[in-house]
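Input: structures, listed below.
Here come two complexes built around chain A, the first alongside chain B, the second alongside chain C.
Take a look at the complex of A and B:
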């Protein structure tokens, strides 16, 4: 590799990494937390009992929907598992005359969904988005149209791919350097830290970035479809085949017990079922489509079975997907990690943390490297100050926002109107306050303060849970609920981590100054001259 | 011409070069990758749905490589015309292929 090539890629690595780094940091943090989405869905509803008999939840869901929406167009019922808080069921009402058919929005439909708990009744739980918030924020961000957000995240992801590949080119001694972690050596340490977190999980970073692009492929790269199809629905019908649609008859006929269909489907699939969709429930033309759980296989394109909703006869079985569709499905599955058991999730989580640290250390490295070259270190130029303060606002502020989101989940009154929205508003209010501080106060003071506040709030959270909820760390351990106990424990560990970080940053002096002071101390031990 | 002038001119030349590379690495790289997605979707053998998905998967990687090439090329102009040429070839393939056999 020529020197010129490496230099050009170093330039590209620095600038693509810097300009999109802040968005990538948010995406990495949210995506990493989202690996525990199901656990957080339960943790953020501490009043809910653990599901022990999934079939009881299914029976309760069917009974509830038959009462609540007997002539809906369709019902969607997730099959509860021991990991889920219950079944978040929702229904699509019959389209009114003249209304567009086939539209199915999952968001903003609070009045057409309900959470069915372990006992088969509607769960009396606080209103919250739970861990689903992190999953959505990971690619939809917040307070903006989702299409814009996905383009922005998609663009940042492409730059991430560019930054990773150009980063590999830039550091020719990357694997050798990996074993050299020089501590407390200023810029060199930051570079070592950046390299270590990058190389340690390099296969993960490459995989997660490329597969992330694949999840957004239909949006980002629709041109292959345009080249082959007049109507893209032709392709979607080929890729996601479904049983023939049957016309509603208008003859009321009772729906079969869904537990019978679920049991039959699980036997045929040889794996747990995850989603049940009932079209035209209560009609003679009712159909029940059931899909295999994504927890049971790598590909996100899971097999589906369709049954006659009255007789329970199997009427359709999804054909195996083609090689390319299967590849794309496997990539999406690899990205989401749903197939992974708890051990696998830990691996994903730790790699996600490495990625977060890689992005954060890269952003800080940009300023560390340039600080030494500033003409007048007391008055840095505008670009430098902007990057320095954005780093504080994002790297220091976002974790504080998330911490406040968790606290809002615990403290907001249960009766509050729009409670779930207010939990999220609290995240952004706290983050905005942190960002404002970052732009007003000197970074050297804001860094440790933000880390310290985040640390204290995180450490206090599991303690609050012990005192104020029935699902504190010890109670969870006593009933063997390791997921909830693990989340409380992990929050404590992160809290301690932030406190240590705060202490370290508070005592930190930029390398150049420290050398001078050390020399002065050994030379004469006279008081330092005022600077 | 003084040394200062020459220095200033070199700086502006460098900025212009980087601006060209940015154009090449973002909109042009995306356009080139998109056109190759179309050309590959036409060229790849077998089932149309399969060829379409494969072409899109490859094009995502091509987009990253094109963005890297924009900065690896000897000059900004060279980055522009090489990517432009690659895009033109893909456009021609797509055009001729659709004209010959049409779309599904």
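Take a look at the complex of A and C:
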């Protein structure tokens, strides 16, 4: 029975991993990069100076909003930190009579926001999505309705969990064998590499997959919610309690200096604040709600304080969340790693890379394993060719697309209409070109050329920064801006990695010549390491 | 303290790794005897268990376990890379 069970698990592992593996690869890459979301937000806006005094940004934001939108329904001001490019403030205009009140005005979001820079003035920065792109792409993908994307990603995540568990069950040996890495042994090496990246970061893989499902749980398993709550509003009220809404009085009264409230809130919370929401600014009924920063605690459901916006008196304090909400909050916090300091971020990042390599090597392994069993290796069957080419298109093409996204960020003219969108279009255009090549040209040629192009472009990027911007590697090091310098350095390292990979793949000779066991090992042109 | 936890975790995986036939032969020139193998294994597990304490001391009960999970992953990674990629001494490789 044991053998039958193990075999069925092996089957499950292979197919659950393969069919959604390409989506998982995208999700892993984007998620891994998104751990540096704040850093990339700054890196992709090199004009902007580093925030040295967050309170100055806050004062500037208040002054700007008071000028620009004095009678808005509400203002939302993120508290700037040294990690952020400034404060991306936005405001919700008063709803016109007869118009439906959305939670956040959907129309014209573009002209109801502004970026306040380090000096408290509106910053003139290039239009870009920055690191937020990777964060959204991680679960919303692109060019498709958000709900579909989340279902797709959610389904892929479930398959991932299936693949992990069935992988553990099938290959119990991996725990004994995981110190072994037999190099240059064809399939064996691939298997060892796949095992190593899987087992070394296994706690991370399990955690990130499971908590990833938790972030989407309301979508994937709505029944508990449906059974217990009649409508969305009661659910929101239970999950995100808020102070009672006060009616607008219509009596104009100046708003208190937000810095005073922020300082008081940080003292009471014992932690930095992250968001300030002002409702009915400039009215006698103004309220200021401050949420604690998610950097300071595990749970992503952070406590909030509400103040009277005129007198600055504390009027409401969020109750401690229920056990279930707290658990879900802690899991989402664990998934996003917002609590982590720089060392922790690196660990998350490295584990993310391990996960990416695990998915990539698993996908390639599928072809490596089957290539040896092909009846006629020169004319493989359709399914094999499809998987092989999709591997090239996704594993080789997506990193190239991301590289082009970064380059577009540097090269597109600042005045271009819809610039932020064009940056993203460039990613997908480059990726589509790579994918097209993958389906036309032999994989053995495409693998190394894609890696080489990606590598060259990545290595050139920090050099371009040194020459063409005043935020090059050396300038950042000189002012001690380690985040920006670190991103430049990491890009170079990845570039060199891709170049080495390209060389290795290009020089790879059919395994039959190197590995003894293989007259039959028509494992010809196995692209050696993937990403 | 978090560094200590990482060091203990790396040491643990070094010992566990050396307890396997392949790596022991590569480093010391012969497969480990049963007694020696047991010693290495015990040492490894002991070190792994001990690495919990500094993690908890450094970060408390909420972040401590997370730190520890991170430390054992990083430790295992370091040991794995070192065992496989640092060349063995010439005299040991018979």
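Note that in this section the second predicted complex is superposed on the first by the 504 of 531 C-alpha atoms of A that agree within 3 Å, B and C clash if a C-alpha of one lies under 4 Å from a C-alpha of the other, contacts with A are read in each partner's own complex, and residues count from 1 in each chain.
Rule of thumb we're sticking to: a contact is a pair of C-beta atoms (placed from the backbone, for glycine too) under 8 Å apart; a residue touches a chain by one contact, two chains touch by 3 or more.
Source: prediction; values computed, not measured.
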Taking the superposition on A as described, I'd like to know which of chain B and chain C A:32 touches: first, second, both or neither. neither
Based on the superposed arrangement, let me know which partner A:158 touches: chain B (first), chain C (second), both, or neither? first
Pick one for A:234: touches chain B only (first), chain C only (second), both, or neither. first
Between chain B (first) and chain C (second), which does A:62 come into contact with in this model arrangement: first, second, both, or neither? neither
Determine, under the contact definition given at the top, whether A:351 touches first (chain B), second (chain C), both, or neither. second
Of the two partners chain B and chain C, more of chain A gets touched by chain B
Is A:367 touching the first partner chain B, the second partner chain C, both, or neither of them? neither
Touching A:196 in the superposition: chain B (first), chain C (second), both, neither? second
After the superposition on A, what does A:215 contact: first (chain B), second (chain C), both or neither? neither
Chain A positions touched by chain B in one structure and by chain C in the second: none
Which of the residues in chain A come into contact with chain C in the complex? 176, 178-181, 183, 196, 199-201, 203-204, 207, 298, 334, 339, 343-344, 347, 350-351, 354
Can you list the chain A residues touching chain B in their complex? 5, 8-9, 11-12, 16, 158-159, 161-162, 165-166, 210, 213-214, 217, 220-221, 223-230, 234-235, 238-239, 322-325, 327-328, 331
Quick one: in the complex, what on chain B touches chain A? 25, 33-35, 37-42, 47-57, 59-61, 63-64, 67-68, 71-72, 94, 98, 103-104
Which chain C residues qualify as touching chain A in the complex? 2, 13, 16-17, 20, 22-23, 62-63, 66-67, 69-70, 72-74, 76-77, 79-80, 83-84
